[in-house]
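Presented sequentially are two complexes of chain A, the first with chain B as partner and the second with chain C.
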Partner chain A sequence: MTEVDFTVEVCGMAGDGTIAVGGLINEAMSLGAFSVLGFDSYPAEIRGFGRCVTNSRIGSSEIVALGEQAHALISLNDEQSRSRVPFLAEDCMVFFDSAPPTKVTEDKSLLSVLPPGAQIFGIPFGNLAVSAAGSARGRNLTALGGFAAVCGISPDLFREVIGKKFGSKGDHIVSVNLKSFDAGYEYSKSVFANRLGNIFSDVESNAASPRVMLSGNQAIGMAAIDAGLKLYFGYPITPATPIMEYLAKYLPKQGGRVVQMEDEISSIAAVLGGFYAGARAMTATSGPGFALMTELITHGVMAEIPAVIIDAQRGGPSTGLPTKTEQSDLHAAVFGGPGDSARIVIAPTNVSECYYFVLKSFQLAEKYQTPVIILTDFFLDNRVENVVAPKASEEQKACSNVFPEESSKDNYQRYHYSSSGISPRAIPGMEGFNFTATGLEHTEKGIPDYSPETHSRMTEKRHQKLFSALVDLKEPEEFLSGDSLDVGVIGWGSTFGSIVEAVQRLRKSGFSVGALKISSIFPLHSEIIRKFMAKSTVVLIPELNYEGQLANLIGHLDSKPVERLNLVTGTPMPTSVIQERIYQLMEVLAQ
Partner chain B sequence: MSRQSFVIIGNGPAANQAAESLRSQGSEAKITMLSKDSFRGYLPHLLPDFISGSIGEESLYFRPHAYYKEKNIFLRLGQKAVGIDFSKRRIFLEHREVISFDGLIIATGGKPRIPEYYQLFEDLMLTLKTPQDAKLWISKLKSVDSILMLGGDLTSLSLTRALLKMGKTIQFIINEDSFWPIPYSEEIYKAVAQRLESKGVQVVHCNKIRRVTQIDENLIEVDTDTCSVRTGAIGAFFGLVPDVRFLVRSGLDIDRGILVDEFLKTRFEDVFAVGDCAQVYHPALRNYWVSIGYQNAATLGKIAASNLLGSDLEALVAPESILDVGGVKVNTSWWTEF
Partner chain C sequence: MKTPARVLVEQVRNIRESGRFAARSNALPTWCPGCGYFGIHQGLSDCIAELGLSLHDVVTVSGIGCAGRYAFFSSTYGLHMVHGRTLPTATGIKLANPRLTVFAIGGDGDGLAIGAAHFPHIARRNINVNYLLFDNSIYGLTKGQPSPTSPVGSKTKASPYGTLDSPLNATLMALTYGASFVARLFAGDPKGITKALIEGIKNPGFSIFHIYTSCVTFDKTFKTWTNLKKWVHPLPKGYDPTDMRKAFDEVLSDDFSMGIIYNRGEQL
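This part shows the complex of A and B:
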């Protein structure tokens, strides 16, 4: 049985159908029971102009990180595809239009910049589409047909997903697209008869089924609906907007409401209001919007009102790099805002976790009566993975608010001191459980009070509550680890996939390395992290930020200084960069 | 002034030597090499051994891609030139790209020659010029045990050796079309026939092939003026002819190959032709000669590169080493096998 680990890119201008082809590849390969991780990139400008690139990594084993070097490039626009050349494997297959409508000069030609090892497959995309289906619009499907034929992928997989994708547009559209696909497939089968491969046949994929193709943002939307979300308030911002779009489509069908607010301040205010009134509510934003929310987030901390907030990170500060990925809001999420305003911060590392973490966040917010911030990032939000279909159990959906005992009726203390710091929370309207909620410091009854004793005790109570939450927060997980390690790598968020892959590769070569995933960013499971750091001769923390924000947060847990690997390129952390850094550290150790 | 741009059409010994010489003589021009073949430069004399399985495919290729990167030469494989506009100094590629050049060396080599009469049956014949052709042989030989060889060029003889080694049955038709580029004579015929027969090859003497019938995928019947032969596959080996068809209406002077003067210049300034595709003027003979063989090709490539950079080197060949083959003057550096 052969192992497959194959990356294909599609590149074109907006309007070429680039994203559609990338999506069909993902869907078809998922149907073929492969593990798929896909990521599209658009220009920073408004969509509709400029270059589009899709990247799909397809594997017979679980794929956890993006492919760095493409084994195949489908070029729907050669001038744009020139920019992809540095990212192609030496013997990359390149599918291009061999009969473009106009002549192309060398400075715009893709072939003029390809390395000599590239295997080129010229297919008259447009001409074939015109003769098969009467229009050159299907040239992207023709290209896809060529790709399928040369790589030896069953055309039936593609036919099925094409049928699904265009089914809602009617039989004619499906048939036109199928004809274009078939034209490219048949042409390539005969013209490249001597060069056909069978990369994907003979492979028994061990990807578990059934699988669904989801982006991080879709998984978040799905989880929110499954959790019984009633109210979504938000203001559009890249890369969080697709969450609102998803919910706008599906939430009303479940009896919920999506309201576009005038800004992020009103969004978080409304979320607090919704939860205060007993309904599950959520908002999603990115760095600039999150900054606007911080004052009201601390209001939630002070008044002990639950809230679920997605911070879909992008390049910053300020407007920064709206369509680029970064992990630089960790400080803001954990520490942002006035006062000692500890709140729960969690960070999923893959699409499946996006679902389960959001599901969990409602229960955390309710039980610990505090805002819960979920840190995702552009890469995690937009990448697609074919995950085992997520499903929420009744237990996972259940309300976890701690309601007051009947015995406290008429003598209810909303902010009652308890050893866990959790005070039972009544919902307005519960007879005999009236209370005042305020952003001012307050007594157990909720009456404003600035006395040193009250502020000291209440501050401690709020922090105690957070540390109690540790029992419900996912512990750091060790991957491929051992009793002692030369290099222990700690990571969080979307970077973790690359870390695991780098560690996996190095362990295969006999190196003593391991990885620790931290998904509960605050509060931290310090003891577990400390132990991992102690058993590692060197601790490395790769992050997509300049300051080393996780390293700053946990660096003090061990006496030796941590090694940092910080990138702010706006692109996902490449596995090879981590691998290279570990090599360097091992070399130093060996001296 | 923008950097000069030199284009070499070809990736055989002539083209590679030309590119290497341009760089070694200090040219900093952009150098682009075009090859219609999608594989690396290879050593054709090893193709029979590759077919018989004595060597692996990798041994066929003579230069790693890294070489071109190191020399800053753009090697563009699988990209075919389909026309040249010499007045505007532009090359048209099959995929509709247009490349401009300041200097051009045409080194498109030769392609298997099929005598006109045999062209009727061309689609039933296997030839051998490239690794791609060799792969077709390999695939065919999986299902057939007998092969009929037509012609008798040097390639046919080394392939016969390889096929015998594989245990295949060989029949060989030798007649006046055979032995290119060596002139046919009774003497050569006898020597070759005797040699082949001593190795177990059945030599068929005939003047004409009348009919070729495909009976099924792996059986072909060949009727000649003397007998009828049944075989699994037919190989055609009548030497090579210059591969210059795409240039016939370009304004270049073409006879068999591209006519160049003793400095390898065509009638267009800064445009040279070298190797198997060229016909080089010999001032002493007052005639043009055709080049065959690696060594010749490489030497011509080197001279053209120097002349493109401003030298005035002549392609010197002793008149007595030029053969007359059916009216065509030939100089070959490929003798050793015979």
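This part shows the complex of A and C:
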């Protein structure tokens, strides 16, 4: 297969079928055994006649970041597509409606603002759809057909995914859509006969491909189901709501329940109640809801009750930017709440990790008897990747609660002091192990006690437990590294893909750069991070927040100051911005 | 010869052997002498003993405040929560293991101020939780501030010129929210509490026990024992608790009639 790294955007007004076309491209190219990363943006206002844009990056090697420059633009509405012009490659292919439903005036025209190198393909989307299928509604599929022919993608790939997508709506709908697609395909093939490319010429359907198209939120839902989740409690909030909706559909089928609570406070309270009584329970929220949960999260820390909490970050503070991405809840996740309330915080960097981290979080919560927070963000929650179908082994699903020995019956100490900090945890219903869990400081028996000795000892025990957890937490992972580095880049969460790609590109040009991925935000594997920082002449930490929250957390580990790259644009971190910053740092080093 | 001391020793032994005290923990309650909560403690402990519930199959969830300490004085499984969140926590416990009998316990501040948002929702979900609301119309553990059930004009250190806010009526709220079992009780009548609890536990949905009680330390004027004893009285003879409309009439016309106000009569 020839090397492919191709980005295609579809842009239209709400109602044009933009998102549907983007989804079909993702599915078809995934079927063609490519790596796909897609991200849609659409207006936050439900009824607002807004712009919809899908971005699909398609590669023959693993795609880890969003495409910044589109090689093809399918315009379903020229006025809206004008906004995409700055994001087009110089020789971008542009597919537009040469006979649009309403006449496009000069000031709204796309063609008048396209770069000179653009390759223009005018196709009468609507007219073709009407003559092929009797309705202009299929004009988005005509556009798709036109795009497929010019790029040299086998129409069978699209025919297959169109069949799958519309199959549930009946044969008639499938056939109408196929007719529209074919009309566009044939039109391009004959009208642009001498301009047809072969970018994807090697592509053919790979039905045996074990890859599935998943969003971060779907992966989280799947992981919770596979982990044997019994109870989900939540309150609607963007961008976490799709997790609740996914579980509402699938959890009852395996005997679990989804309860939409009255707020985020009651959601986390019910999760603690559920785990206390021996069931796996979970909640998902975003920054504003997470803030409401913090008091109860520290109750889980103090009373040593497990909990699994997803914080799908969005722009903040306060209500902030509900449909924009940001990584600004790190401080809140690690430090939020009263007292010395250390808890486990982990952050996946891609869709596959969303699955495996959530799966693992249940075992971490049970074994270490503490809330576990999983930090995702809008970009990670909503982007789709065609990942190797995730699967949980029996070992990964198993309950990891440490139950008390039968011998401790009738003389059970719930908070028994141990070197690991872990005390065996009894569950209501177990005879002879009755205890009271409390958010007050307490003795090993669980009796409230505020003496200096008890508070010192128990605080230490709770922190000891977290240090013990380091063995079960994923260590920081080095990418493309070496014995010494001019610039070492450290990253976390959805930004890490862009970091890897930037570092990859620079290494190809011969630069001595490397990347370190931190997935366990708290507790930290300090020694590994320290070593990486020590061998890097300059340490750079790019994050989607203003304060440099990870930099604040780990900056002290090495004596030299950390370079920060902070963006609060509400959009994913562009690879080029990181690349540019590394260049600048290298220039300073060279002086 | 039976000296008074020997009589007492024998009484204690008999009580111990009868299992009547089994539901009480060894911890000495921290409530003030004369506190109404002792009567409620007796009523609930006796109910558990009379029904013969296995103590390891019972969970007591309590909030913050004097009533919040209840979980420590019970030998069931206990969960002492943060302020105001007993009801959603109890929801999680009951859904996790429906075999458990769950008691949620909190005061009028815990349940009607900070935690008031949860009250209608557990009622409309009709979760099988038994909620004992200890209503003494004062914040005791923080030393005497007005509560959501304090009468207008209550003078406390936090309201030296008297309160302006109207009191809430938890029984009326419960009826309005559609609770399937509503009882109004008096801490000075532990037997009445036991009786109502035994009925309420049979209700397979949400049951609320709104219990009038007295704070002997910080309330010298309103819900004193003298006043409460003067005010409370049983429901009218022949009262039918299955009639919701009558229940509303009763609660709207009389704040002090005690007993089972409403029972939807649900069966498992």
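Throughout what follows, the second predicted complex is superposed on the first by the 579 of 591 C-alpha atoms of A that agree within 3 Å, B and C clash if a C-alpha of one lies under 4 Å from a C-alpha of the other, contacts with A are read in each partner's own complex, and residues count from 1 in each chain.
One rule holds in what follows: a residue touches a chain if its C-beta (ideal position, glycine included) is under 8 Å from a C-beta of that chain, and two chains touch if they have at least 3 such contacts.
Because the structure is a prediction, the values reported are computed rather than measured.
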Superposition on chain A - do chain B and chain C clash or fit: fit
First, second, both or neither for A:64, with chain B first and chain C second: neither
Touched partner set for A:122, first chain B, second chain C, both or neither: first
First, second, both or neither for A:553, with chain B first and chain C second: neither
Which superposed partner A:230 touches (first chain B, second chain C, both, neither): second
First (chain B), second (chain C), both or neither touched by A:111: first
Which of chain B and chain C A:499 touches, first, second, both or neither: neither
Comparison of chain B and chain C by chain A residues contacted: C
Nearest-approach distance, in Å, of chain C Cα atoms to those of chain B in the combined model: 58
Footprint overlap on chain A, comparing chain B with chain C: none
Parts of chain B lying in touch with chain A, wherever the complex brings them together: 32, 38, 40, 65, 68-69, 74-79, 92-100, 132, 135-136
In the complex with chain A, residue positions of chain C that touch it: 25, 27, 54-57, 59-61, 71-72, 74-82, 85, 87-97, 99-100, 117-118, 120-121, 125
Complex interface listing, chain A residues touching chain B: 90, 96-100, 102-106, 109, 111-112, 114-120, 122, 194-195
Complex contact set, residues of chain A against chain C: 230-231, 233, 257, 259, 261-263, 265-267, 269-279, 281, 295-296, 299, 303, 428-440, 447-448
